[in-house]
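First chain A sits with chain B, and in the next complex the same chain sits with chain C.
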Partner chain A sequence: MSLKVKFHSLFRIKLKSRGHEYQLEDEIDVMELIDLLDDDYDGYFSKKLLDAGEISPGSIILVNGENVIHKDGVKTKIKDGDTVTLFPPSAGG
Partner chain B sequence: MREYLKRQKKLFKSEEREKMAALNVMVAGTGGLGTNLAIQLQRIGVNKIYLYDYDKVEISNLNRQLCFGRDDIGKAKVEQAAEFLNQFKLDTEIIAKNEKITEEMELADDIHIIFDALDNFETRFVVDKLAQKYGLPFIHAGVEDLFAQIMLILPESKSRLNDVFAGAEKDDTPAVFSPAVTITASFQLLEALKYLLGRDNYLKDTILHIDLFNSEIEKIELR
Partner chain C sequence: MGKIYEYQVLRVNLSNGEISRETIAGEKVKKFLGGRGLASKMLYDEIDPKVDPLSPENKLIYATGLLTGTAASTGGRYMVITKGPLTGTIASSNSGGFFGAEMRFSGNDIIVFEGKAEKPVYLSLKGDQAELKDASHLWGKGVYDTTDMLIEEFGDEKARVSCIGPAGENMVKFASIMNEKDRAAGRTGVGAVMGSKNLKAIVVKAGEKQVEYFKDEMMEVVKKQTKTLKEDGVTGEGLPALGTKVLDNVINEHGAYPRNNFQYGTFDKVEEVSGEALVEKGYLQNNKGCYGCPIRCGRHTKLPNGQEGEGPEYETGWAFGADCGVSDLNAIVQANFLCNDLGLDTISAGATIAAAMELYEKGYVDKEELENGPELTFGSSESVTYYTRQMAYREGFGDQLAEGSYRLAESKGNAELSMSVKKQELPAYDPRGIQGQGLNYATSNRGGCHVRGYMVSPEVLGVPEKLDPQELKGKPEWVKIFQDLTAVIDSLGMCLFTSFALGLEDYTEIANAGTEFEYSPEEMLENGERIYNLERQFNLEAGITPDQDKLPKRFDEPLPDGTFRGTAAKYREILPEYYEVRGWQQDGWISDEKLSEMGLK
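For the complex of A and B:
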């Protein structure tokens, strides 16, 4: 299966990357994706996205535009062809 | 047509001009985004602006909140913003609502759209629920550092604000910089107008992401 991860905002700047595409044998969940990203980006994403194994406050993870907090959180399954969008939402005004 | 709107006349069909001149809007928050929006809304000649906020002007507001100066510190934001706007003697009616936004509050029945000009997601989720309750369009904007996002939420939209941004609440105070705030408010207003004036190229189940560091604007589809 293939999946696309898109980085925006600070993630894009810090990592000097617009995203990453993975070709995998099996379906994975969000936590496994974060592990994969950590391998490729030196542990960056677990620090940014996780707090005690859950999604940290101020972070959102979208799979095909849906916030995984409304699905199974870090256990949300990612399927073939899915797009994961990662960006820290801007909160100010 | 009002004489002072002559230079924008060519941009719009006559029915669009009529719609714009009749628009009544609610601006939820009279801070950075709110003051920028109010100034722009007045200049384009909408009918009525309901300005909401219950804070007083503080020194830390002055880097980006364009209706206030040092002499206004301690005054109610909405009243000061209305006084600032009214000095220009343009035709838009400014209604200062010095009150906290809650799910139970009553909104005027002539509002056409709610602008999110807030500085935290907790209150944004409250306004989104209000918009849903009243069947009103709601246009979200958030700005931080050199980044921003805008999302138009309609009564018929597939995703509400909380569907996308649940968990975005955080405790730290966001860094805000006036040029980024002004650009965000301008985009927010333009995107709202596309919908309100009946054009078909408005944001549909899409986040407009603005990256001023890389000079990039992207649409993130919420499919």
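For the complex of A and C:
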């Protein structure tokens, strides 16, 4: 299956990358995706997105636009063709 | 002199030139805090809520917050309170920068302007002297020139200036008041009231600081709070790096990023105009901060043509960008600089052009009316700069735009094409994607506004906790608490952005450290509730009745795109519960019992 990851905000600016695409054998969940990203980006994403194994306050992980907090959190399944969007804590007004 | 317990009021009668001083102390300060709260109480007590906002009978009050000028983190804010010409509601616009702190240092905690000057004047505050001076030579000048000329004339480059531009002079219904050139008390048309009084500016430089606000006890709390703000992901990292414009992609991905006058909830060209683009295109130079601010969310930008200034903020970038279908970041930044110099609220300016574009495309505005101006079609970057300038000077079609989107659309026979609440243009969040925000829009005391209870924070950003944006249960309580807490933060003179990291307990602690008062957190929140009720009561007496607690009809239709495609606004379902939570009558009016309970009767 294929999945697309989009980086925004400080992720994009610090990593100088707009995202990453993965081709995988099996379906994965959000936690497994963070592990994959950690391998590619030197442990960066778990540090920024997680707090004691849960999504840290203010970090935003969307699967096809929907915040995974209102789905199964880090256990939310990612399917073929999905887009995952990642934001570090962000706010404004 | 030590902690704060009283307010020094400077009263300036512009009609006869008399200037007098008075003091407010004790319970009134304790219960209404300062700034927005205390000044709203004064306005309510001193004017008939039914007055014409642009008549001499209206008053214009400059007020520092309870902790403005102290060591409190972000404690530099001042507010302008008056009856607003755009909405007819009570208006309170809040600005950062350094003017507010200087005003406090000068011993003028509140300045009340009454009547109307015969000729243009400005108020000069030098040390403990207050003097009205002729401003004929400044009339017609932009904010930048006015600021430079006044500082020169004053003879002290450390003087601070708060002034209006041509838009305020021409009583554009959404004219702003600007300080340090780029900082705005932006919304609700406070600049038009200033213009109606022939008051161009205030320039202030304190002699010695009048009060010592840096007591050890306060410093301890300040240090702790500064540390919290610095360590928080939002206030310590996100806001300093990208400012509020970090939100473009967040809100767009969420499907609540209004495009083409709220006809859609996503913008396919967001990558061209986002905060990230501002960095990647090399426009962003560095960040700037207001008085006492460890967050420093301000942006200094420079365009390829060499033009420099501050901004754009998220709202501004959206109003001239996605809301007008425009993806030319250069034009958007230029429109922003124009608004700062002409003294216009960027949200209402951009959103009024967006409404005009829809009116034009649907045939409600004729080409002839544009008098050779560019065609008002969505996506026209030429239009946003051209008509921004025109509306400030009320030239050509700009004269109609200067009345705001509601009056414009109404005059064309289709008021529903104005995306406004109580005649003020909505900001950059589609309420169909953020239901609590919809309820807040409908019940905000100054009409369409996001900073009267920023429900986007819990519903989208997950701060302080993540709420489901489509869930209705519990939202009325959340909206009430956010509205009341915001009234507290404003009235304290701190920046609303601190609330991404600080909570009620923190605000109570800093107020206790900086003032003679001892508040419990419950009392502090009740102060906010009192202020909210007072503003509501003013509006009710002004004739803004509860049937105005509503959104434009467009939001009863489902969103056509994005994550929440097919969803309409549901605030009507929870409005009765909101009234109940507030302790108001079923019909939305406030009973005498509730008013006495709040100490308002």
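The rule we apply is simple: the second predicted complex is superposed on the first by the 91 of 93 C-alpha atoms of A that agree within 3 Å, B and C clash if a C-alpha of one lies under 4 Å from a C-alpha of the other, contacts with A are read in each partner's own complex, and residues count from 1 in each chain.
Keep in mind that, in the parts below, contacts are C-beta pairs under 8 Å (C-beta built on N, C-alpha and C of every residue); 3 or more make two chains touch, one makes a residue touch a chain.
Just so it is clear, the structure is predicted and the values come from calculations on it, not from any experiment.
Partners chain B and chain C clash in the overlay (superposition on chain A). In the superposed pair of complexes, A:58 makes contact with chain B and with chain C alike. In the superposition on chain A, A:19 makes contact with neither chain B nor chain C.
When both complexes are overlaid on chain A, the residue A:8 reaches chain B and chain C alike. Of the two partner chains placed around the shared chain by superposition, chain B and chain C are both touched by A:91.
Of the two partner chains placed by the overlay, chain B and chain C both lie in contact with A:67. With chain A as the common frame, the single stretch of chain C that clashes into chain B is 98-106; none of the other options in 44-52, 98-106 or 206-214 do. Counting contacts by the rule stated earlier, residues 8-10, 12-13, 57-60, 62, 64-67, 69-70, 85, 87-93 of chain A appear in both its interface with chain B and its interface with chain C. Residue ranges on chain C touching chain A, taken from their complex, read 232-234, 237-239, 241-247, 249-250, 253-255, 275-276, 279-280, 297, 313-315, 450-451, 454, 456-457, 460-466, 468, 496-497, 500, 562-563. By the touch criterion stated above, chain A contacts chain B in their complex at residues 6, 8-10, 12-13, 55, 57-60, 62, 64-67, 69-70, 85, 87-93.
Residue ranges of chain A in contact with chain C, taken from their complex: 8-10, 12-13, 56-60, 62, 64-67, 69-70, 85, 87-93.
The touching residues of chain B, when paired with chain A in their complex, are 29, 31-34, 116-121, 141-145, 147-149, 159, 163-176, 181, 205, 209, 211, 213-214, 218, 220-223.
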